[in-house]
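Several structures are given next for inspection.
There are two complexes below, and they share subunit A, which is joined by subunit B in the first and by subunit C in the second.
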Partner chain A sequence: MEVSDFFEASMNFISNHEKRDHMLGQVLVNGVLQGGFYACIGVSFSIVFGIMRIINLAQGTQIILGAYVTFTISHLIGLDPFLTLPISIVSLFFLGYMIQKYVINLVAKGGLIITSLLTFGLNLVLINIALLIWKADFKATNPWYMGMSFEVAGATIPYVRLIIFVIAILLTVFLEFFFRKTETGNSIRATSLNPKAAQLMGIDIGKTYSLTFAISSALGGAMGTLFILAKPVSPFTGGDFLIILFSVAILGGLGSIEGALLSGIILGMIEAFSVMLLGIEYQKIALNLIYLSILIFLPKGLMGKRFYG
Partner chain B sequence: MVSWGGKRWWWIGGGICLFLLLLPIILRGYWIRLLTNMFMFAVLAESVNIIAGYCGYLALGNMFFFGLGAYTVAVLMTKFAFSFFPALLIAGLGASLFSVIVGLPVLRLKGQYFLMGTVGLLELLREITTNLSLTGGGQGITLPIFPGGAAAANYFFYYFMFGLMVISVACTFYISNSYLGYAFRAIKFDEDAASVMGINPAPYKTAAWAISAFFTSLAGAGYAYWMSYIDPGEVYQIMPSVKMYLMMVLGGAGTVLGPIAGAFFIEFISELVWSKFLELHLLILGLVLVFVVIFTPRGFIDLFQRGLTPSKLLSGIKASRI
Partner chain C sequence: MEDCMMKNRKGFLIISGLVLAFCYILSSDFVTAQEAKIRIGAAVSMTGRLAKEGNLVKKGYETWVEWINGRGGINVGGRPHQVEMIYYDDKADPTTSAKLTEKLITEDRVNLILGPYSSGIAAATSAIAEKYGFVTIAPVANGDFVYERGFKYLFSVLSMATQDLIPVAEVAAKQIPKPKTFAVVVLDHVFTLPSMEGVKKRSLELGLEEIYYGKFPVNTTDFSGILTTIKRKEPDLLYFGGFFPDAVSFYRQAKELNVNAKLYTTTGTAGHPDWLTVMKKDGDYVLAQVTWHPDMIYKGPFFTSASYNEFWKKKYGEDSSYFSACGFVAGILMQLAIDKAGSLDQSKIRDALRGMDTETFFGRFKFDEKGKNITHRMGIVQVQAGKQVLIDPPRPGVKLLYPVPPWKER
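Right after this comes the complex of A and B.
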């Protein structure tokens, strides 16, 4: 694409009033619906990053594993994909718990380079296992209500996207409630504030870390179930989430679920509007540029705090 | 660190260099290309060692300098009819300049944030390269083929990468024994304390990244001319970046020769796995990563000093587990 093409596209867009008014509502809806999903995957990455200071490079692939659980069960038994949500949550919860307990906990104090390399190694292992079981081609679910939608003020809203959005927001709100109101949630927040002091208060750090990672994986698995309802997946799709995960975690601010929710929706909007204004090929460039500027100019994020909680 | 005091080491180093210089006399096609690839990864591991091993800034996306160098040479040679060596020089200096410009804001980030920032830069440059018509977009770019036939090309790139490796080792050796190296290590150990002791971190960090960028970019430039075809998805990958870090950690971060040894070892294993277990190569590489960071987080040399008995290996884990 040339710079002149870009200008031509934007001039076309400005001159075409009728089309723009029609599109604006649709883009807004798309942005919000996509944003809810981004918010929730961002939260799943952000809790591990905020509490253990580990950059989990395997999170994208864990999301994909959740998608594959849904794919397999809905194809084998014919269960509705939305009903497989608890199964993918539980199975990814156990996977995450085992990974943290038997692998990551061994090097948790080893520093940034060690933990990052470890999670990348786990990422490769998970990708290869997915490749062996489900092969490299794209897999998708196709329930009967797939193409159905309704219209509000000229904007088309697919039922599936709306349900995905609602479930993602509900899970995020539920997580916030869990961290604030339950004893386990409080012990997780205490560990992130000061691991040594938490240990002196009788909190088992290793167990808390395993639980945190398991919650993050479970949330990722749930998001995978929702993702495969919207788009087909292959074992390598997980890498595409990386910048979204980073952006939501940074923009939302360390240790703030409300912030992640807000920033997920902002990013969804940015993505949708960049498609409308610049064209689909500039979507990722715009997202990356925004991500880097947030990192440089606003490293604390929108609602960042000193610690998680 | 390897002791460099005795004259013995100079003789051993010189002997190995002479051996590698004369090796193409007896070796043919495949082995020459394999060794060239090993030299290239040795250069990459050594250049990442300068910014991450010495200076402590984990530039996980350092591979974007590789892509930058590869594309600079490709564009200059195809669109502007440059010959290889002037294009190479421009690629190296251009990447260094780019690292200085980008480093002004990005090097102010620390720890995890710097790592995530460099990964963002990698993705950004890949997307930009994919969408520019100057770089041939997503379908890649074809470079002129090395004149003089395939055999001559093999020897040329063998000596090119070998020379680059020797220069990068010499440069790292010089840095590790100079004021610059002490400043880098001070910044790695504690940046605030270093600045209290009169070391202004900003220019040193920038210098470390610029040197690292220079060598990474030259390796990328050589790779582009060697392969004679590149595309954005291939040269802007995160995977070789992680491999570079694995080599550095395995050989010993912040040592002169460690990353070179790590590069040879990992590339050898990679080649073996590629040829024998094609479908499992990601799994095996991933497991190597996991075992290396669990059992030898300080590298080979530390492992041999500790001893190889199982109880000693486990005692090493106890230090960093929760």
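Right after this comes the complex of A and C.
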């Protein structure tokens, strides 16, 4: 599209704004529902970075593994995909714990570059394991209520997306509560503020790190369950999440759960409104421009702190 | 002195005669004449992003090799030659595929090459084959750009991507009530853009009005924005161009947001075997192009469309996928060309393909100077009650389901 096209599109938008009034509600709904999901996957990525200074490049694939757990169980025993949520949470929790304890902990002192390289490699290993088990085909769930929706004030709200949104928000709020109000949560936060001091206070750093990674992984697993309810997955789908993971985490402020919640919704809204105002071609450009602006003008993000945690 | 020179000369002649004979024995011609074998190399995607389709093409190759060897092999200048295949896995990576193609030609010294799966990879391997003067028959690579590089040894089994969905516009324009408007939603990708450009152009020619055109980037998973806009515009025809996951997300969300049209299409996806299992009854009514279908009625030298499928079914207990049919027919084309060339000389095989005008179980083959098959026309299927039914070319007793009932009434 040329600049003149862009101008014309904007003028059209202004002159047609009455027609668009009833669209506005729908776009808001779309943005919020998508944003809830973004928020939660963003949180799962952000806590590992914020607390452990590790960029987990395998997080996208861990999400996909959660999706595969749901797919396998619901296909093998016919369980409703939503009911597999606890199973994918538990299995990914264990996987995350093992990965941190036996793989990442070995090089955790190596710094950001070494751990990033490691998680990059880990991502390839996980993708290939998924390829071996589930092959390269797309897998999807298709429960009977798929695609059903209801209308509120002219806006169509799909049931599945609404439930996904609610679960994502609940999990995020629960995690915030866990970090603030429980002893384990406090010890994780203490470790992130000052690992040495935390160790002197008797906190087992290795265990705390494993636990943090496991929680992030479990949250990712839960998101995988929700994701496969909306979209089909293949072992390579995980890579598609990375830009969202980074955007939500950076915009919200690394390690900040409430920040991720806010930025997830903001990003969902930006996506939805950029399609309406500028066209789908500009959706990702708008998203990336915001991401870039945040990095330049607000590097700590919306709710970032000098200390993480 | 003269006597001595004569002796030397005799000795020289004998020795050079022996050397020549030895060279001849060592030469590949003599060896192949003895063993009467043709080595064919293929680098296809057995793993990676395109593993599913790549393996189906490979299955087509394998089945052809088994079939042709069962018949005594390929006839080269009156002598039957058994076929021996060498496969490599290109992991769906163009660079790897190009390297493997070079290895096949220079190290494995194959006689012939059968092409990889997909336009992106064929673009890379054909450049290598061209460098060594090797013919590439690309079974499933119909991106127009692949054939616009002035290559002389590259041939496409299929018609070009811009032609892919033209029959959809033609079929739709004949329906009553006649559709008036269409919307295009397309993935910004070399595979999908040309097919959508083609169907868009044809639709405009047929008097349809374009009321929406949206191009979405790779990795888009949320289509609610586009669908909200489309819902307001109420197009009669909805042309969707994207890969498998894109199409699944798009149509699911169309159902969620209750976005209706009189007819829907996809680029290939609804013709894919996985579409039926993933979408179940929500996948009904959607159109797609297929390169080949068991219900086509082509006749060829060895098989008709139906007898080829029967042969396949007997062997594997299922219909041949169109990917496998593409692989199988690539083998048949190679065999017909060698038969006509009477030699394994690449330039003679190329000339034989250039001059070819023949019908096979797959359809007709006639190549232009760029190597495009100008006679192939895609089949169009519509998913009807969970089956991909061939609706174009038209057949008696088969009807397009039109207009498609709204989501809420299904």
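Following the convention adopted for this analysis, the second predicted complex is superposed on the first by the 289 of 309 C-alpha atoms of A that agree within 3 Å, B and C clash if a C-alpha of one lies under 4 Å from a C-alpha of the other, contacts with A are read in each partner's own complex, and residues count from 1 in each chain.
What we mean here is this: a contact is a pair of C-beta atoms (placed from the backbone, for glycine too) under 8 Å apart; a residue touches a chain by one contact, two chains touch by 3 or more.
All figures in this text were calculated on a predicted structure; none of them were measured in a lab.
In the superposed pair of complexes, A:I167 makes contact with neither subunit B nor subunit C.
By the touch criterion defined above, A:L261 lies against neither subunit B nor subunit C after alignment on the C-alpha atoms of chain A.
When the two complexes are overlaid on their common chain A, residue A:I129 makes contact with subunit B while staying clear of subunit C. In the superposition on chain A, A:L211 makes contact with neither subunit B nor subunit C.
In the superposed model, A:K231 makes contact with subunit C only, not with subunit B.
Of the two partner chains placed around the shared chain by superposition, neither subunit B nor subunit C is touched by A:L251.
Legend: residue contacts after superposition of the two complexes on their common chain; A:V48 is shown touching neither subunit B nor subunit C. In the overlay built on the shared chain, the residue A:F120 is in contact with subunit B alone; subunit C does not reach it. When both complexes are overlaid on chain A, the residue A:L92 reaches neither subunit B nor subunit C. Once the two complexes are overlaid on chain A, the subunit A residues touched by subunit B in the first and by subunit C in the second are 131, 243, 281, 284. Across the interface of their complex, subunit C is touched by residues 19, 23, 26-27, 30, 33-34, 131, 135-140, 142, 146-149, 156, 158, 160-161, 230-234, 236-237, 240, 243, 271-272, 274-276, 279-281, 283-284 of subunit A.
Across the interface of their complex, subunit A is touched by residues 47-52, 185, 188, 214-217, 219-222, 224-226, 228-229, 232, 244-245, 248-249, 252-253, 255-258, 274, 278-280, 282, 407 of subunit C. For subunit B in complex with subunit A, the residues that touch the partner chain are 52, 58, 60, 105-106, 108-109, 111-113, 115-117, 119-121, 123-124, 127-128, 130-133, 238, 242, 245-246, 249, 253, 279-283, 285-290, 292-294, 297, 317, 319-322. Interface residues of subunit A, counted against subunit B in their complex, comprise 1-2, 49, 53, 55, 103, 105-110, 112-114, 116-118, 120-125, 127-129, 131-132, 205-206, 209, 239, 242-243, 246, 250, 281-282, 284-285, 288-289, 291-292, 295-296, 299.
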